[in-house]
Amino acid sequence: MNETTGRPYLAIPGPSVMPEAVLRAMHRSAPNIYEGELVEMMPGLTADLCRVARTDGHVAIYISNGHGAWEAALANVVAPGEKVLVPATGRFGHGWGEIADGLGAEVDLLDFGKQAPVDMERLETALRADKSHEIKAVLATHVDTSTSIRNDIKAMRAVLDRVGHPALLMVDCIASLACDRFEMDAWGVDVMVAASQKGLMVPPGLGFVFFNSKAAEVRRGMARVSRYWDWTFRAEPEMFYQYFGGTAPTHHLYGLRTALDMIHAEGLEAVWDRHERLARAIWVACDIWGQGGPLALNVVDEAHRSHAVTSLRIGAPHGTELRAWLEREAEVTLGIGLGMAEPGDPAWHGFFRMGHMGHVNAHMVLGMLASVNTGLQALGVPHGAGALDAAAKVLAEKGNSLAAGQPNDEPVQSVGCCQDCG
Amino acid sequence: MNETTGRPYLAIPGPSVMPEAVLRAMHRSAPNIYEGELVEMMPGLTADLCRVARTDGHVAIYISNGHGAWEAALANVVAPGEKVLVPATGRFGHGWGEIADGLGAEVDLLDFGKQAPVDMERLETALRADKSHEIKAVLATHVDTSTSIRNDIKAMRAVLDRVGHPALLMVDCIASLACDRFEMDAWGVDVMVAASQKGLMVPPGLGFVFFNSKAAEVRRGMARVSRYWDWTFRAEPEMFYQYFGGTAPTHHLYGLRTALDMIHAEGLEAVWDRHERLARAIWVACDIWGQGGPLALNVVDEAHRSHAVTSLRIGAPHGTELRAWLEREAEVTLGIGLGMAEPGDPAWHGFFRMGHMGHVNAHMVLGMLASVNTGLQALGVPHGAGALDAAAKVLAEKGNSLAAGQPNDEPVQSVGCCQDCG
Amino acid sequence: MNETTGRPYLAIPGPSVMPEAVLRAMHRSAPNIYEGELVEMMPGLTADLCRVARTDGHVAIYISNGHGAWEAALANVVAPGEKVLVPATGRFGHGWGEIADGLGAEVDLLDFGKQAPVDMERLETALRADKSHEIKAVLATHVDTSTSIRNDIKAMRAVLDRVGHPALLMVDCIASLACDRFEMDAWGVDVMVAASQKGLMVPPGLGFVFFNSKAAEVRRGMARVSRYWDWTFRAEPEMFYQYFGGTAPTHHLYGLRTALDMIHAEGLEAVWDRHERLARAIWVACDIWGQGGPLALNVVDEAHRSHAVTSLRIGAPHGTELRAWLEREAEVTLGIGLGMAEPGDPAWHGFFRMGHMGHVNAHMVLGMLASVNTGLQALGVPHGAGALDAAAKVLAEKGNSLAAGQPNDEPVQSVGCCQDCG
Amino acid sequence: MNETTGRPYLAIPGPSVMPEAVLRAMHRSAPNIYEGELVEMMPGLTADLCRVARTDGHVAIYISNGHGAWEAALANVVAPGEKVLVPATGRFGHGWGEIADGLGAEVDLLDFGKQAPVDMERLETALRADKSHEIKAVLATHVDTSTSIRNDIKAMRAVLDRVGHPALLMVDCIASLACDRFEMDAWGVDVMVAASQKGLMVPPGLGFVFFNSKAAEVRRGMARVSRYWDWTFRAEPEMFYQYFGGTAPTHHLYGLRTALDMIHAEGLEAVWDRHERLARAIWVACDIWGQGGPLALNVVDEAHRSHAVTSLRIGAPHGTELRAWLEREAEVTLGIGLGMAEPGDPAWHGFFRMGHMGHVNAHMVLGMLASVNTGLQALGVPHGAGALDAAAKVLAEKGNSLAAGQPNDEPVQSVGCCQDCG
């Protein structure tokens, strides 16, 4: 038993806080996998997943983490020797590129650093330069969990269209799905990758690849796709085990069913609103602290900040000390800085992140901010006063409410979301 | 399913927040009740309960709530027609008196109102007036959950001794055990009553009566004690079922075992310190708010404030509105005002309470305070600024730590705590 | 951790096997006790309890075990000095009488031994002899858990009516409710006592007292009833806490809600049928074993055997040895013999019991019988062959099914079951 | 809620019955993934996994099912265009071959049908024919879950050695690990594949690849291995996330820790003995039934029968009818026949399987057998009498015990099992 004096709060950017109802749903005997409840719940489950992604396309579920989902998505549409373009805005952008490299793809990297979003002009230039259309896919990151930069996916589609480039637009929504607004079909995304342990509020263990008909067509043109990664039967199975390319992740499926029920009961728009308002409360508090000391938000432009994770810089060794103080004195675990400095570099200790994704409310976030406020005080780190009063002002605004209102999207759980996958 | 958007925080003065480890321990098949783990854990369990009460005396465990434990304690030492003296400092003081009345006792009430502790002079006067020693017991309340007044039990013993009155000193520690310092033996308490759902962090369902040899002697002099309430065999059983006067509360016992492990791993002194520091953070925040508006702590003198529950007055309808706002917008449930005004009276809506007992840490309490801060803002209730900064200052103090330090009392779980009960 | 190699099976007559869904429902944070889900579920909960008891009367819920419920029932209708008649058919019949004695009642005992049901002629004689109607209540046991004798409650009512005796007919259904057919209103029962941990499939911790208008009238005539046991406000509360005379048994209520859902989803008649068919399978297996050795059912007449518990005699030390073998080698826990011999008496080791109540199906019971069959073989206890084939024959009968059929009683969960309690 | 009347018993060959302690361990908040309990438990966890595999080699853990582990193992040592030899004794042997084909390997299949083990002479012939040593690996199945054939792995190694063939011996132990005796190092196995949901008693979601230095050397010679499948960093990580190639399967790790504790507390030899004795009880019952009717064990030779799964043939439509009867009337779920006939073929309904792996004891198995006995009776399928008496005889044998005896292997949880992986 890990000794605690109260309920610990895990404020890292994933795994996020698991709802009690999700954990309860997973606490059950192994179910019948031939027929009955589990088998029958699948069409509704995939339909409700597609609703979260705002797509009428297809979804393949993998027993994997997000890295596995990255690999799965690529394995279906990019063959060894083919080229991908990776506009990176943080460690995870690079990471997806490394996965592509590991599969034998030729990786063209556009590195936008650690504090700026994708520059559409540079992207356009790169695509225009590819006159022979060798770039088979653009691997974009909606939100990079390391830098907390949020990129404008809709704008990337516009660039591709303007250039007339046929590359697939593949998007990593691991840190943004069910947190930040994302409209797969409306924004023209061909392939989207997600995982269970962030906005979807289920323990790590499931990866998701959503894809549209164009991507399905590309898949059909592949000479060979490994059996485990092949999305064909997963998205359009004839038998239950084909959903998972083997044994089903029985307990996770019950957890996911419950999490999707929660999301659609609140309403996806309400979920996005909640994340945005809580993020704004965090930003204003950080700005206040920063006015009197070294703490600063990593992303300057609000329009490019994630609503689910916030990267901060405070100068070494304050970042590490603050995390340690909060862990010990307030039982709040903040995220380490990732990709901002090398682990051996003393500068590494100057970064940290706040996670505020999924199952999160005002009490949790305000408690985290008030704990940081206390930690800054305890450690003697200079900081502006009144951060919590300022955060209160944001959350107290009239006309907005964090309370789940009328769900704006009806629970459907229809028979399936797939029409023509290949 | 109750829909929530994050982890709700129940900040009422009991039932308190149940630790995950306690709930997990209770999630199990029904155990063998004839032999094995459950049967063997009992001597250690009662010993560890007595350590929390700081007594070498006896403990009887009841399947009941606190009201049942009140009745159990009285049933063993007060016969119909006998007299008890009840110094009341809130609704629960009166409540215990009513239980005594229901058992046929003659109840002498000393009412100290809703904002002041027991006045030792009045108590002394009352005891001196009882020249024939008809008062068999003084029914004291350590902390009255309704008013959050904490009484000086040690001083009451001093009064009894000074007067030379033989009455039993019986104390209700339902809202204080494992929260506020309490030393049963050192303070000369004869009978103490507690329950599972507050500082002991176990779901409602267990009542406890601790008693010393003097009380056991009084019990032996009783003409008749009902079988269910009789503490004799419960405290000194020959067979397992006698601990509980019938079927054992199997699942609660596993929860209690875990909770006691947590308390003694942290160390009882550390547990008390933690409650005190968190209470002080709450008080200072409330004082700040009160400087700019109607909110006020119910108990003026810090020395007489509970460390586990705080009663507040804010004026109708602000109390009820604030509770409703926090429930809806921050998923924080505050306690209703109890016994301060009649439910039908509009004034009733001017009171509320904060619970901060048991499984509670800085994140939880700071999050509650920051949520109240936000609610006051949202509702336009005038209040002073900087409450959270002030609370931070309290919790940031050097030389103190909420982190569980070195446990100051060794886990014993010895064979028993009883020597001569009757 | 208690080490096991597979899933242990607790085949004792209570606590019974807790359904996974019940335990899951109890694994939750402490709920809001002022409003919301828990408060709103109460009227439906009491209504569904009354449906299990087949009564339009009232129910009071106690945080207690069965012994507490015995005391609660008596405390409401029998004053010290008043007389009760106790027709006992086992240890628990005597036990209820002892509780009455502990409350100061005068107890007239009719002892029918350990293998026979209540003899209606002796009962009639005793009632006729009470010309002045001093007997205020008859304390009957529907099923005595120690002997597994089931008494004919309807016939007792007939005797009372025939004699024209006004005594209350009070019945202990602790071991029979939701197992054996019981029709409170149709059979003319005035007060009925039950508990959570047997047919109701919820961990120990709740006691129930059902009562009709006649009993409510008797209650109103009582000079004094202790506050904790008084059923008046519990059965007809104005505020939530009054249901429980103080703090609610929060987690148990969620478990009970789930258990009642399961019972009414299966249908009460189907539940009774299932218990009967499983009991018949057990009896036939025991009869076969007995044809070749010392094992014998305690109750000769099938019409007087419980469908939920079976008492057996096999001769010392076989009983104890068999229990030990099954515990160790098959992880099946059988019940000890209770009340058949004194614990110190070597004969004590010749008795044991099988529990088959509540959450029980063919696999569980057949597995227990096959384990006993194996134990008899391993220990060299002579026994007839073919017991499992015979049990199979019973459960294979056409036209009967253990499968939950069409529920014959509609889920109601109406607002209340109480009309005129006092 | 799936309605049940008692505790369902899932007697399929995986997912197996999850121990209560495993599920309880998984019911927890998401943990800190940077430091603390979870991070610190890893060296002990991998060491204890290696002990179950009886190897001093390495283990890589994958978030995947068994099919994923198949692919992972191959991806590390077999490049597209390279040749593997697959001696198949059931559907899963073929399945592994298909995975190899999906990765671009050239697959030489030796098909031994559905009722016989690998014929060592044919294997030797095939290897001798490969004079240029093009076969890079032999993909053997220890137990094929579809046919329940158990192959002699030690003998395969002897063949390879005799022939002097350098191919890697890769073994699928998905259905046998922690059920049937398996000695990775002593038997000369180079790569072994397993998964969490069978003998390891953890919900589906983890795949394991064990490998020795020879295999690690082959890995180092590979031109490219995909990042997700690469075992290098998983087996010898420098940072926690590298164990899992990304986010850790947090909750499964707690379950696995508990399951390994259970296995080593019982002792691996005792675990194997338990599976063998329970299997023998099943076989003898099936033989008795078969003497009077159509039921027959699929594998004739005891020496080649799995101790964890039993395939049976009974003739259509008896197989499907029997499964349906047991599901409905006894809440026992048997496994479907797999790979014995095509799903559309009426003959498909003549096969079924019993799972008896992992968390399984005499009560569970005897209950399943007695339920089958009852089902045969109910359905009028001819069968021999006395099957349960015969099974009892097996389990009642003196000198053997299913009870966990003295663990023969000490819990080690040492720092690591890896010395030189590449």
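For this structure, a couple of remarks:
Labels for the chains are A, B, C and D, by order of writing; each one numbers its residues from 1.
The rule we apply is simple: a contact is a pair of C-beta atoms (placed from the backbone, for glycine too) under 8 Å apart; a residue touches a chain by one contact, two chains touch by 3 or more.
Everything quoted here is computed from the prediction, not taken from an experiment.
Taking the mean of C-alpha positions as each chain's centre, the chain lying farthest from the centre of chain B is D.
The chain pair C-D and the chain pair B-D differ in C-beta contact count, and the higher one is C-D. A straight line joining the Cα centres of chain C and chain D is 44 Å long. The mean-CA centres of chain B and chain C are about 35 angstrom from one another, to the nearest whole unit.
Chain centres here are Cα averages; for chain B and chain D they lie 54 Å apart. Residue positions 7-8, 17, 20, 24, 27-29 of chain C each touch two or more of the other chains. Per the touch definition, chain A reaches chain D in the complex via residues 2, 7-8, 10, 12, 14-18, 23-24, 26-34, 36-37, 63-68, 70-71, 75, 80, 98-99, 102-104, 195, 197, 203-205, 224-228, 230, 244-252, 327, 333, 336.
Contact residues of chain D toward chain C in the complex are 1, 3-9, 17, 19-21, 27, 258, 261-262, 265-266, 271, 274, 328-332, 359-364, 366-371, 373-375, 377-378, 385-389, 391-393, 395-398, 401-404.
Against chain D, in their complex, chain B makes its touches with residues 20, 24, 27-29.
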